[in-house]
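Pasting the structures here.
Two complexes come next, and they have one chain in common, subunit A, joined by subunit B in the first and subunit C in the second.
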Partner chain A sequence: MEFIGSIFTLYWERADWFLGLLGTHMLLSGIAIGIAGVAGLGIGVLISEFRKAAPVVIGICNVCYTIPSISLFGLLIPFLGIGNPTAVTALTIYAMMPMVRNTYTGITGIDRDILEAARGMGSTRWQILWRVKLPLAVSVILTGLRSMVVMTIAVGGIASFVGAGGLGVAIYRGITMYDPAMTFAGSLLIAAFALLADLLLGFAEKIYKKKRRMF
Partner chain B sequence: MKWGKRIFAGVLAVALTVALAACGTAEPSTSGQGSQTAQKDPIKIATKPMTEQYILGEMLALVIEDATGYPTEITKGIGGGTSNIHPAMEKGDFDLYPEYTSSGWAVVLKHELKSVSDEEMFQKLKEEYHNKYGMTWIGLYGANNTYAVVVRGDVAREHDLETVSDLAKVSSGLVFGGNPDYMEREDGFAVLRDTYGLNFKKVVDLDIGLKYTALVNGDIDVTNGYTTDAQLGHADVAVLADDKQLQANYFGSTVVREDTLEEYPGLQEALEKMDGILTDSEMAQLNYSVEVEKKDEKQVAHDYLVSKGVIKE
Partner chain C sequence: MAAIEFRGVTKRYGESVVLRDFSLSVEPGERIAMIGRSGCGKTTVLKMVNALLSPDEGQVLVNGENVLQTNQILLRRQIGYVIQNVGLFPHLNIEKNIAYVPSLSRAWPKPQRQQEVARLLALVGLEGNMAKRYPSELSGGQKQRVGIARALAAQPKILLMDEPFGAVDEITRRSLQEELLRLSGELSLTVLFVTHDIREAMKIGSRVLVMDAGEISQLASPEEILQSPANAFVRELVCGI
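And then the complex of A and B:
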């Protein structure tokens, strides 16, 4: 109980500081999510249309994804220096994989007969993609998006290692100062932010599906 | 039959206890059966996550092994330094580690910094560590690893900076980067900022190992360095004078558990050999050999101790 009390004392006494960190965290992860969301979707669509490129592209994404996050941040320092650009780049590289893969899986998993029927009705390639493939793949793509968002917000906690802001600053200070309350206070905000983002996306997904009568 | 066995066992237990007590060894009871000549457990040495501590850790191990032959085991780079090593020392996870006087004074004992003279502080450190934790401080290496405000060379030249007070006049156009514990601790950044009225354009938290890279690359303009940092005197950076005498002195020494000293006769004498063997610039040079010239820290420690005649070739 005392521990929880000390966390809330921290929030209260240093509200501005924590809000600032939360703001930076939202900005950093938001930019990465935006870039990876759009680019990942685009690449996923492209490799499902041009399948020969798929194994190579997915292979590259997989390799990037397996680099431990702390070393990815470290590897980028010689090129981008320290600070926010490095953090956003690393987070974006991480976020690409789930987006590309889920978009690809979603589109390639569609029943061939449906596509055959669409072609038979005289639809162009673009119409098939836009009117048939993407709407049918949306569930799988959204699942990828949601897990990507939660992951990016969480991994953003390590960004402070390379001098970027965000709630990782509180976590890192807590660790180096042997102050578990500080570490927990930072982690709790990250978890709350990630959960909230996931809930909002879930809500948006529901509305979208209702509209398209997908239930 | 049954009772006979129990009585026999009881007598045997008492006899063994008496025999062990008579031996008067400090061996833990679990290995009480072992003979006196059996290998002792290694002496466990901890270090903070910085090059200087790795070198000092190797030196301590070399001095101990050379003088006493006891095996040692170094755990390098405990994150957070003092605040994480001290609790582990209390638990007995480690036997000794290189520490700095004012760190023990402020972080462990929670005393006001600079409230006493350096000599008085060392006496009180020994006293209070003995009373509170059953630990003591042995020997002063000679080097004083205190805080220094470091700026990039071109910034210093452009604004003609010599003291931290000079820096205050131009700080609003500069970026400060410091390691997280310096940014958070009470005797750290906040005191520096308030004492000199510094008002930086931006302040960032940075891992301790990245500070000089970031400084030289221009990601930050000012950082908190230490007087024994490898890059001082080699990279294009300038140390600003602490013209308001803000910083306390941090003399290197060894903190050791007293029960370890009892268990390993001769250890105390071995550790005393570290007394007065290093100056700030010698320490900085050793750090440079390891950090920049990429030499092996054990080799660097070994060569230095041999050159000072502390250990045999």
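And then the complex of A and C:
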């Protein structure tokens, strides 16, 4: 009880500082999510249209994904130095894999009959992609987006180890100064932020599916 | 001029020959019902008409034009296509499904779309209030009717149907068959109809094409097929009727 009390005292006393960290955290993860979302979607679409490239591209994404996050941050320092650019780059690299893979799975998993019908009725390749494939892949892509967003926000907590901002700063400070309440306060905000983002995306997904009677 | 013509068409998948020196001439307004075992090449024939497959040898002509030398996208938009399992788009409501082909070429502005869809729904015997529903909310028979309405939307003169009534119950199938006969007469459609049900073939076809192992066993009117089957395979096929 006392511990929880001390966390809320921390929030109360240092509200501005925490809000600043939260703001930076949102910005860093937001940029990474934006870049990875657009690029991952694009790459996923490309490899589903040109299937021969798919194993190679997905393989590369998988390898990047398996690098432990802390070492990926570290590996980028020689190239990008210390600070936010390194953090955003590392987060983006991580976030790519779920987007690419889910876009690819979503598109390649569509019923062949439906695609054959679309082609047989005289759709161009672009029309098939835009009017049939993407709308039908949306729910799988959204699932990938959701897990990607949650993961990026969570991994963003490590960004402070390479000198970037965000709520990781509070966690790091808590660890180095042996202040568990501080560590916990930072973690709690990250978790709350991730949860909120997940809820919002889940809500958007529900509306989309309901509108199209896809249950 | 023939609506559809095959001139000595051969098609192989790897080593196996699915279609061997196949020739066929379909006059405008004819209904050809193709029947045979699965894998006998009947679906291959169908897909060559709208250039989803191309022949290894020989030519396929639609309205006198070689399908490989014409704009295939435009060709397909002028040919109605109804397939097994319907292939309706689950993410589009019935109105948008039916208006799909016209929308590809932006043929119908929105107010006209509603009118046209209402007309097509009535044509295939469905209520107008279907328009805003989604395919998942329809019965099998209703989906088939929507599939036909969609195929007719761009006012094609040729209709390709690949076992369109395979997945519906007997009673619904019979009414769909009646509907198709009525429509093809009203709109003077040329129909190429694939089925594995000999009764259906006899009912739908103005001529019945019996296929076996990539070749024509017999091509004749239903009466003739019944009275003088060309070989043992055809005899076996019709003996159950």
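Please note the rule applied: the second predicted complex is superposed on the first by the 213 of 215 C-alpha atoms of A that agree within 3 Å, B and C clash if a C-alpha of one lies under 4 Å from a C-alpha of the other, contacts with A are read in each partner's own complex, and residues count from 1 in each chain.
Methods note: a residue touches a chain if its C-beta (ideal position, glycine included) is under 8 Å from a C-beta of that chain, and two chains touch if they have at least 3 such contacts.
Bear in mind that the values here come from a model prediction, so they are computed numbers and not experimental data.
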Subunit C versus subunit B on the shared subunit A, clash or fit after superposition: fit
Which superposed partner A:143 touches (first subunit B, second subunit C, both, neither): neither
Subunit B versus subunit C as contact partner of A:212, first or second or both or neither: second
Touching partner for A:127 - first (subunit B), second (subunit C), both, neither: second
First (subunit B), second (subunit C), both or neither touched by A:135: second
Which superposed partner A:113 touches (first subunit B, second subunit C, both, neither): second
Subunit A as apex of subunit B and subunit C, Cα-centre angle in degrees (nearest 10): 160
Subunit B and subunit C, minimum CA distance [Å, superposed model]: 50
Doubly contacted subunit A residues - partners subunit C and subunit B: none
Residues of subunit C defined as touching subunit A within the complex: 47, 50, 52, 73-78, 81, 83-91, 100-101, 104, 134, 136-137, 150-151, 160
Residues of subunit A defined as touching subunit B within the complex: 77, 81-83, 160-165, 169, 172-173, 175-179, 182
Subunit A residues within the subunit C interface of the complex: 111, 113-114, 116-124, 127, 132, 135-136, 212-215
Subunit B residues touching subunit A - in the complex, by the definition given at the top: 79-81, 83-84, 87, 177, 179-181, 183-185, 204-207, 210, 213-214, 217-220
